[in-house]
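All chains are identified by letter, namely A, B and C, in their written order; residue positions are counted from 1 within each chain.
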């Protein structure tokens, strides 16, 4: 049963990330996703110190605020400060991430968070989760109760906003010209990415979440020609990575989150190289 | 106090650590200037995450933490990440930023996977390998510093030999190509330097935040100077300061990772530079704007005097504050501020407590401005076919900024004009008695 | 302006700065309804900037723009826009029909499937531009001319009264160029107004009824034969404006606001 929960949480993280990541890569915002994933850390830690529990509402809010703060800080450095964009991104998120790591180091022992958890997540310890909830005679790890609603929110957001997201992603200028509120959609998307990153953080850590955001949608993008199939395939690849990663981790006695990300990378490069070989033969 | 113990450098270990972090801070920052100017901050981030599997593999294969093996491992996997992301971008529809993110997260995941395997393997030598994630300056030993010196020397030689070529290549790649510079070779060298800098820096900063040591000092320096050599110097100072600080923290709080502290110091320096920098800092720009506003205010007051003088055919007659305010939407304080500035230039005199008059020089200055304004109006209406009732606002803006050179051009284009489109006389400066 | 034609666009004292450099300076004109209107001028004259300003995509330093004597917001559904073909990523995962359907975004609710009427609209727009046989083709497989037709179809599906097109003739083959021209003629005959940014002076006199000649400033505006005089062209293209351009560069270099503020 332990394996089942790990695979389930991994799959839900992968699907939430894949749905949003598809839009991020098409909007050329992959690195902004990377920046947000790093930058939510201080928000998580501070809210955690105050509320004393992981994955609670205050933690979500704290992290969402820092996620937004990152985009604001990047804009501020770039537009008001006159610093070039790549450096603005690079400095903003490392700065916020550094604050988060220092806070964690300073309060080690006080809180149930450590450096390893920042990088590898807690998915390996999922079955030991003390807050397990019993449902239909089955003890369900607490993580499932945070990641499942998040996945449903993301699914709802992408479902309702599909046409708008598709239009603004393909042709933002045209969308603005016909009167679509492009800024609103942009910030909603950033908010959704922040939310997903925070919730996924607990399972897979701050950096590996980038792999889930970017790699499955990129692999799907290589082989699909329409957006809906691309989204579905991204999720399928995400789930395959979660399953494959779990067994790889068991086999190698290694970090489950890292192995899931590695498997998604292997799937991407298999598709990529296969495409190259195919084009050589055609 | 721990800080005084540190600063006394009694402990030879502390000396070594400090020398080591200062060197690597300086070298990484110098190389980082080129990365920054090439606008490749994000590929720097990818490289720094990507060196992790190389380090782990070097450890797995050698079984030791020999700094040279680690450097070679880091160097190879760092370079591989550049090649791979470049290959994806070049041969598929995936865009550059996405391929960077793919390679970054994939390599980092492999690194984390290996690290986890090593940690579970029970190898006694592995203790401390995880310091490569967030950095630990205190772990630097004499052997490391010797290696830093070798690498720093190689990097500096390359930079000195290729300095002018790099400069040309970064500022204008097309021009560099056209004069036959080996741009591919230069690009190879610059990437190699960046990978080297990162491979060095991770000892103190760690792979997760190393890109900031590359970019931060350069970003800070760019707000203080526009000159490349000075920029290299300033960022080297900033980088070594950050390195020094990292060593201090590591001494005082051994359980703390050094990387985040170095990054905080760097970020604070960078943010301060963005505000205070004398080249393009926010404050500098603000002062320049204020100075311009003051100039506009002074010049507009001079014009008020001229207009009043034109109506009454007496330019030097003293005017009351009230008369001046009536002509333009300035409040009393603004007018007084402008008048005082003009007074210190000796263009205006305060004849009585409430009366102000142009001096002779002030009269000439006001006539110059009016002449410029009216010439520009003529130019707009005759050469650009703009209706006479649309030219005034534009001339209001232009009169304050035209350089003497452009003014001379304007004069020669409009030679011999004596009236503006509203049939007002254009003042002739030659006829004015000095 | 002809006696019979109403004023459709009013641009009043418009100034727009781009990275501190004035891209349009004190531009002031009206345009008549029911004509094919060209915006002509050398590179960097601010042609696309003007179009984007009319579409409300750029902040104005001064002035205002009205369409049918109303601000754009009031009348947006009567206006359609065709951006430059190169402004989007044609590797985007979508086919031709999907892109054209995107033009109807404002008319559709998120929970509704595309209605029969909308579908017919899309089909007829595709038909008019000759892209119906390619409706299911992925957009990355299109030629430049075909991409341009898809963009036109997307705008036409909106059934607007005023069409603003940014360089629709750039980089398309000769047959596409003449078929686009026929299409524009047909649209005008239905009473639509089409404003086209165009860079080729040679073809301008054959293509357009009315012309706006720009070079940062407005050089001339009016019926084609009145505007394309040697004198005006000399003013727009003949380097006479160097003084003005130097002033523009000065403004940018000194980082000075174009208007006192």
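Just so we're on the same page, contacts are C-beta pairs under 8 Å (C-beta built on N, C-alpha and C of every residue); 3 or more make two chains touch, one makes a residue touch a chain.
Nothing here was measured: the structure is a model prediction, and the numbers come from that model.
Chemist: Can you identify the chain nearest the overall CA centroid, using each chain's own CA centroid?
Modeler: Closest chain centre to the overall C-alpha centroid: B.
Chemist: Counting only C-beta pairs in contact, which pair of chains has the most of them?
Modeler: By contact count, the leading interface is A-B.
Chemist: Roughly how far is chain B from chain C, going centre to centre by Cα mean, in whole Å?
Modeler: Centres of chain B and chain C (C-alpha means) sit 37 Å apart.
Chemist: Could you grab the centroid distance between chain A and chain C? Build each centroid from C-alpha atoms only and quote it in angstrom.
Modeler: The computed centroid separation for chain A versus chain C comes out at 40 Å.
Chemist: In whole angstrom, what separates the CA-based centres of chain A and chain B?
Modeler: 32
Chemist: Quick one: which residues in chain A touch 2 or more of the other chains?
Modeler: 221
Chemist: When you check chain C against every other chain, which residues touch at least two of them?
Modeler: In chain C, residues 89, 140 touch at least two other chains, as defined above.
Chemist: So which stretches of chain B touch two or more other chains?
Modeler: Answer for chain B, listing residues that touch two or more other chains: 93, 95, 285.
Chemist: Which residues of chain C touch chain A once you look at their complex with the stated criterion?
Modeler: Chain C residues touching chain A: 52, 55-57, 73, 76-77, 80-81, 83, 87-89, 92-95, 98-99, 102-103, 105-106, 108, 110-111, 138, 140, 154, 158.
Chemist: Taking the complex as given, what residues does chain A use to touch chain B?
Modeler: 25, 28-31, 33-34, 77, 80-84, 86-87, 89-91, 94-95, 97-99, 101-102, 105-106, 108, 115-116, 119-120, 207-208, 210-211, 213-215, 218, 221-222, 252-255, 257-259, 261-262, 264-265, 268-269, 272, 275-276
Chemist: Report the residues of chain A in contact with chain C in the complex, numbered from low to high.
Modeler: Result: residues 26, 160-164, 166-167, 169-171, 173-180, 221, 224-227, 229-230 of chain A touch chain C.
Chemist: Inside the complex, what are the residues of chain B that reach chain A?
Modeler: 36, 39-42, 44-45, 49, 88, 91-95, 97-102, 104-106, 108-110, 112-117, 120, 130, 133-134, 208-209, 211-212, 215-216, 218-219, 222, 255-257, 259-261, 263-264, 267, 270, 274-275, 280, 282, 285
Chemist: Within their complex, state which residues of chain C touch chain B.
Modeler: Residues 13, 25-26, 28, 89, 91, 140, 217-220, 235, 240-241, 243-244, 246-247, 250-251, 254-260 of chain C touch chain B in their complex.
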